[in-house]
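The next part holds the structures, each set out as structure tokens.
In the two assemblies presented below, chain A is common to both, partnered first by chain B and then by chain C.
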Partner chain A sequence: MFPHFNLNEYIMQHVSNSHEWHLPFWGPLPLPGILTLHALMMFIAATIVLLLFLVIYRKEDRVPTGMTNCLEMFVVFIRDEIAVPNMGEKDGLSFTPMLCTTFFFILMMNLLGLIPLFATATGDVNVTGPMAFLIFILLTLGTLARNGLKGLWHALIPSTLPKILIPFFLITEIFSLMVRSGALMIRLFANMMAGHMVILSFLGLFVLFGWVACPAILMAVFIYCLELFVAFLQAYIFVLLSAVFIGQMYHPEH
Partner chain B sequence: MPTSAQTQVPSSAQEQGGILTPDNTLLVLTWATFFALLFILHKFAWKPILAGLKKREDYVRKSLEDADKINQQLADIEKDKTRILNDAKEQGNAIIEQSRKMSIEISSKIETAAKKNAEEIVNSARQELAGERQRVIGALKKESVATAVALAEKILKENLDNEKNRKLINDAMKDV
Partner chain C sequence: MNPQLLHLGQISAGAGVGLSAVGMGIGVGMIFASAIQAIARQPELTNKLQTLMFIGVALVEGVAFFCAIICFLAIKG
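Let's look at the complex of A and B:
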């Protein structure tokens, strides 16, 4: 259909960060200063989350209905099914705001990428990396602040471990902490980027080969629906694993 | 033959850097956005929302406990009601039985009294009847005497002294 169409460039342009926002009819819209496309998407996602909870959510409702009910369902789920079971009653309740913020922030960035013209900020390691690093900080410095050096040591090294194995275990456990946080970063980034790459590849096939590749559009729609599910799933997994890791470090006896 | 998609290097990607290229600005912006979001939501959303949820859960829990208590009370009241109804039925039956007995007793008393009364009335009537009979007999006797005298007068055509006749008749009657 378009013999000079560069599929590789087309996909990379869509998933990469840039200082331009490609809008139809307007052409590329240059973004000012330090603002990049993914940063802009991140701000938009944050604004939507703020709008959802500060404007749309009706706190004074005695019986929640509509959107309030829907949002409340997620909040209650995070509190009762993720935070409290994995971190205990006290820590679970105190970490619920942080986990809720993380969940809705990631979810909104994931969903934003599924809307045409918008981009997926979570398909960028520079967004998922800092989020995962915060979890790493909570796992290490958070444990240190909460349980002290002895508590951190106890969380890393089992008390029944023979002394000769301690150095080996210490290195392994520190490496394990980094891997856990790194896995959080890679999992979210890879899932969100891969989904978009697959959708764009199918759409690219249609552009390259024309109507012969018509079924590719159906496949793109199917992958889009799957991505919608993955958007929720990845936000859930990120928050769930964060709660599990923090719970393991804060309560090593379990 | 390689296609353009395979051979051409993505120029815009090169300009923008690879997808794994670190971007310190975005990294800092991510933290800033997240912490700002966390701060605002913690202050204006999560605190009131979680407090409201806790309040509602407590209210629902208390309401359910109250409902259980009320149900228990209702069940107790239902038991009491059944017991009271049964008692009332038993008492009612006892009262009815007692009333029946009393009514039978009273009716038998009334019957006895009525019989007695009737007997008395009959007796007094008999006595009165007997007295009346005696009076009627006396009157008849007087009437018979007068009639006999009148007949005798007519027959004998003799005017006799009334006193004398009466004496004669009385003497005759005594003989009778």
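Let's look at the complex of A and C:
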């Protein structure tokens, strides 16, 4: 049907970053300077989050209704199920704003990618990498600032360890911190990118084979619904695991 | 459709993704099986167990996607 269609190039072009935004009627819109497509998506997601919480959220209602109720449901869920059980009362309450910001930002970026003309900013390592790096900074420098060097030592190494094993354990624990943050980054990035690649592959099958590939469109719709679920789930998993790791470092059980 | 000679990167990428999919399928199946059994034993814990189940699925799928990304890089180089 379309003779010059290269499936590989089609998928990679839609999934990776670029300096233009391909709109349907105005053609490719060149983005100025250092602003790339994924950076623009991050700005749009941040604007939506700010709009939701500063403008749409009404503080003066005694009983929350509508969007206010929906946002409160999410925030209360993050406070009561993620922050406080993992980080204790005091730390949980003070970390809830940061966890809520992370959750809503990642959720908005994931959901924006599902709208046909927009791109997924979290499907890029350069976006999820710094977020995971911030969590890593919170784990190491945060423990240092909060509990001091002794606190960092007690968080990494259990007190009942024989002295001979301490260098080995130290190396393993530092490596484990880095690997866990790296896993946070790769989990979110790979889920988002792979989901979009699957949808684009199914649509590309239809272009390649013509009308016999109609069931591929149905599969693409099904995977699209799965992507919607995965968007929420991955944001929740990122925030949950950050809360668990921070709780483990700030309040070590051993 | 242009036929092209497959090189080693493409063959190994396919094999890698297939193997990781086997692991992920077994893992997710075990998680769901134990979750269903636990819910059958104690229906009042459905919400808590469902939350744990989804966390388990996300973690196992994360590993499989990580392998998929590496295999995708193997196709290129």
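We adopt the following convention: the second predicted complex is superposed on the first by the 253 of 254 C-alpha atoms of A that agree within 3 Å, B and C clash if a C-alpha of one lies under 4 Å from a C-alpha of the other, contacts with A are read in each partner's own complex, and residues count from 1 in each chain.
Throughout what follows, a residue touches a chain if its C-beta (ideal position, glycine included) is under 8 Å from a C-beta of that chain, and two chains touch if they have at least 3 such contacts.
All values derive from a computational prediction rather than experimental measurement.
Applying the stated contact rule after C-alpha superposition, one finds that A:208 touches each of chain B and chain C. In the superposed three-chain model, the partner touching more residues of chain A is B, compared with the other of chain B and chain C. Within the superposed three-chain model, A:193 lies in touch with chain B and with chain C [touch as defined at top]. Contact with chain C, but none with chain B, is seen for A:233 once the two complexes are overlaid on the shared chain.
In the superposition on chain A, A:183 makes contact with chain C only, while chain B stays out of contact range.
Within the superposed three-chain model, A:94 lies out of touch with both chain B and chain C [touch as defined at top].
In the superposition on chain A, A:172 makes contact with neither chain B nor chain C. Judged by the touch definition given at the top, the superposed model places A:38 against chain B, while chain C stays out of reach. Comparing which residues of chain A touch chain B with which touch chain C, the overlap comprises 193, 208. Remark: chain C residues 1, 51, 54-55, 57-59, 61-62, 65-66, 68-69 touch chain A in the complex. Chain contact summary for the complex, chain B toward chain A: residues 4-6, 8, 10-13, 15-20, 22-23, 25-27, 29-31, 33-34, 36-38, 40-42, 44-50, 52-53, 56.
Those residues of chain A lying in contact with chain B across their complex are 3-9, 12-13, 15-18, 34, 36, 38-39, 42-43, 46, 49-50, 53-54, 57, 59, 62, 72, 75-76, 79, 93, 96-98, 100-102, 105, 123-127, 129-131, 134, 193, 204, 208. The touching residues of chain A, counted against chain C in their complex, run 81, 183, 186-187, 189-191, 193-194, 208, 233-234, 236-237, 240.
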